[in-house]
Amino acid sequence: MTMTAHQETIDQADQPLLRVRGLSKHYGMITGCRDVSFEMRPGEVLGIVGESGSGKTTLLNCLSGRLPPSQGRVEFNASRHGLVDIYDLSEPDRRRMQREDWGFVHQNPRDGLRMRVSGGANVAEPLMNLGRRHYGDMRQASLDWLNRVELDLSRIDDKPRTYSGGMQQRVQIARNLIHAPRLVFMDEPTGGLDVSVQARLLDLMRELVRDLGLAAILVTHDMAVARLMADRLMVMKSGAVVETGLTDQVLDDPQHPYTQLLVSSVLQI
Amino acid sequence: MQQSKHNGHAPSIRVTNLKKQFTLHNQGSIEIPVFESLNLEVAPGECVVFVGDSGIGKSTLMRTIYGNYLASGGCVEVQHDGAYVDITKASPHMVAAVRRRSMGYVSQFLRVIPRISTIDLVIEPLLGNGVDPEEARSRAVSLLRSLRLPEALWSLPPATFSGGEQQRVNIARSFIREYPVLLLDEPTASLDATNRETVVALIKAALDKGAAMIGIFHDQDVRDAVATRHFDVSSFKMDMESAA
Amino acid sequence: MNAQSNDAALTATSNSPERYYTYGYLDEQTKRMIRRAILKAVAIPGYQVPFGSREMPVPYGWGTGGIQLTAAIIGPDDVYKCIDQGADDTTNAVSIRRFFAKVADVATTEDTAEATIIQSRHRIPEHPLKDGQIMVFQVPQPEPLRGLEPREMETRAMHAYEEYGLQYVSLYENVSAFGRIAATAGYPVMVDERYLMSPSPIPKFDNPKLHNSQALMLFGAGREKRIYAIPPHTTVRSLDFEDYPFETQKWEESCALCAADDSYLDEVVLDDQGQRMFVCSDSHYCSDRRAQGLRGPMAGHELVDIDKDAGQ
């Protein structure tokens, strides 16, 4: 059929940003994740949902180059290398690729920030890691970003430990976006926050993702967060992906028994 | 093949042999049949209104066309960038692209991020398509004015609005883009007569520009005002037997 | 670095305590191990070589790294100088000097030009060093990145892959807080444009003396068990920003005793009325200048006489 042919050419028009094939991770006898395959396009937000212990974090660590998988490939369209299996890169090349093309927002800002240096320096550090050596320029970029994430600029030189949880998380987000990455990993980015702070942060992240056209992988167990942020969902259970699809389709017409259970377990207010 | 007003134009929506049933795995795997062998074409400039008793599957059909529900069989082809895309088989990327540029959906519920101002919510679909923020803003302003949403509310998030006010925000969000295909699920449910007329006017203007529409309207007046054709979903009802 | 013989130890009187020590205090195997570490450090300028640091007869923090380096390279022909914050006459410097006079049977001196080995805590002498001289630095923390990155695995990887962006974070913090790079001591340097190195807590005033020096610079951290080196004639660059270039300290005053305006000055508080004076930190440099008849505003004749008496 001609229309499907056309559809395919459209689908192939843009190269995948990330291509994962047959990814498995075993810890001895225990399975972390099993036979995961998917593709991501630039500008897309992929949500990974599932209960704790479903393998979300193992998968995220394998995808982000922090945990070599037992089997399978993680191919990323790196700015220096093109589409390449990140575990085929030498360690320095991989680290440079991570610095240049990726961001990683941790659930706990203490894991993603340097608590001993000021918020401004935390935000400017990725630029220094990329070889920028002009203080004034970096200071300005840092101010711009803190402004963008709506941090009180008079606090720029304070240490992150004097910030509230929501402020810390906003600094962490600025730190992970200032170098214009292609892909940002987010591990429960609104996990430890008040609902009110959460909503503002979600909106901010959505706005930034849209404005910068960056792709994000968002791990969450919160279906409401997934609905608001993600274009597409992957549902994980016992290390395997049991269902994928457009976010609203997966949540409104779940097919797999586990997804149906997850969706029906969400508290309504 | 059903009659279409704009003969000569290829249909914007082509539904062929569509089937939908739900399986509730956590309730003894009950099968809930909805419809089967359903065929429907909607041409540009047409507004097809679904009719049938409540619970017959009008919303389900509309959501299946939108890709919100997964079809159990058959196909839903929608005009997108000059070609047909089968929503039931297209990749999620493709479905997302179709929704972004070609097919809009107005539900009776407003589902948005909390604490975002009304005006920002309305311009959001435009920004997602790369429209200049200033341009988007001015379009939003004229739309909200025509819908008579008090200007004092524009900068507030709609969470605390009345049902009718929320609905108007929702309509503004959907009509700010001129989608070639628009699905309307009870968009006038909680509106007063004046605002209903405004929505009818918006729908008619879109039809004149060649949009293809599918609607579900409880309100008889609205239905009569905009429908170019009725479509009875109950004639495709699936029996319990054929569902199994 | 003459290989010493055991003669010196053997010639010690048969029942003196010294005869129970190997020459230079350390046993031969340890000296061999340290020399190998030094050779590797010289071969890879700025790279921190791990070594099996031994217990020393002084506590950690008193120069155990420097003493081990000196003990491993010293020979009977060497002339040894030891300074602490530039001064030859402080307790620590005197003790270590006496230690080596005893266990290595070497001549000691306060004269920078005369010395072949200069062990130092926190200074480089003002007299330019010459070919053939060896500076031995006592290092409390060899890892310049440690304050920012506590994980050793990570800092090693950063050195291996030359990822030094993090070091600039500390400079950034400085400029943010003080409007300039206010770090004064232990100011990080790039050695041979490859390894980031802590020059030990010498004032940044001394950093330029590391660059293209004729002398060999050895750095030893006893507690941290690391040795590193700057071979003679090696490029050493102090880190800075494009818009905040590296600068050394400057004083409006000159030395109150010898009138030097080119040396590193210590501030000395004289009373509780706010009276103070600035004097050379390098005590030998200062007395040398005074011996040449140079006088600062507070160098009275009596003071000179006292010096002369002490010298005789």
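We just call them A, B and C in the order they show up, numbering each chain from 1.
In this text, a contact is a pair of C-beta atoms (placed from the backbone, for glycine too) under 8 Å apart; a residue touches a chain by one contact, two chains touch by 3 or more.
Predicted model, so just to flag it, every value in this text is computed and none were measured.
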item: Farthest chain relative to chain B (centres taken as mean CA coordinates); value: C
item: Chain nearest the overall C-alpha centroid of the shown protein atoms; value: A
item: Length of the line joining the C-alpha centres of chain A and chain C, rounded to whole Å; value: 48
item: Cα-centroid distance, chain A relative to chain B, in whole angstrom; value: 31
item: Distance from the mean Cα position of chain C to that of chain B, given in whole angstrom; value: 78
item: Multi-partner residues of chain C (at least 2 other chains); value: none
item: For the chain B and chain A complex, residues of the former touching the latter; value: 22-26, 63, 67-70, 77, 81, 83-86, 89-97, 111, 113-116, 127-128
item: Footprint of chain B on chain A - complex, ascending; value: 2-4, 6-7, 10-11, 41, 44, 196, 199-200, 202-203, 206, 210, 227-228, 231-232, 244-246, 248-249, 252-253, 255-257, 260-261, 264
item: Contact footprint of chain C on chain A as seen in their complex; value: 91-92, 95-96, 99, 114, 116-118, 120-121, 124-125, 128-131, 133-136, 138-139, 156-157
item: Sites on chain C touched by chain A in the complex; value: 147-148, 157, 160-161, 163, 165-166, 168-173, 175-177, 241-244
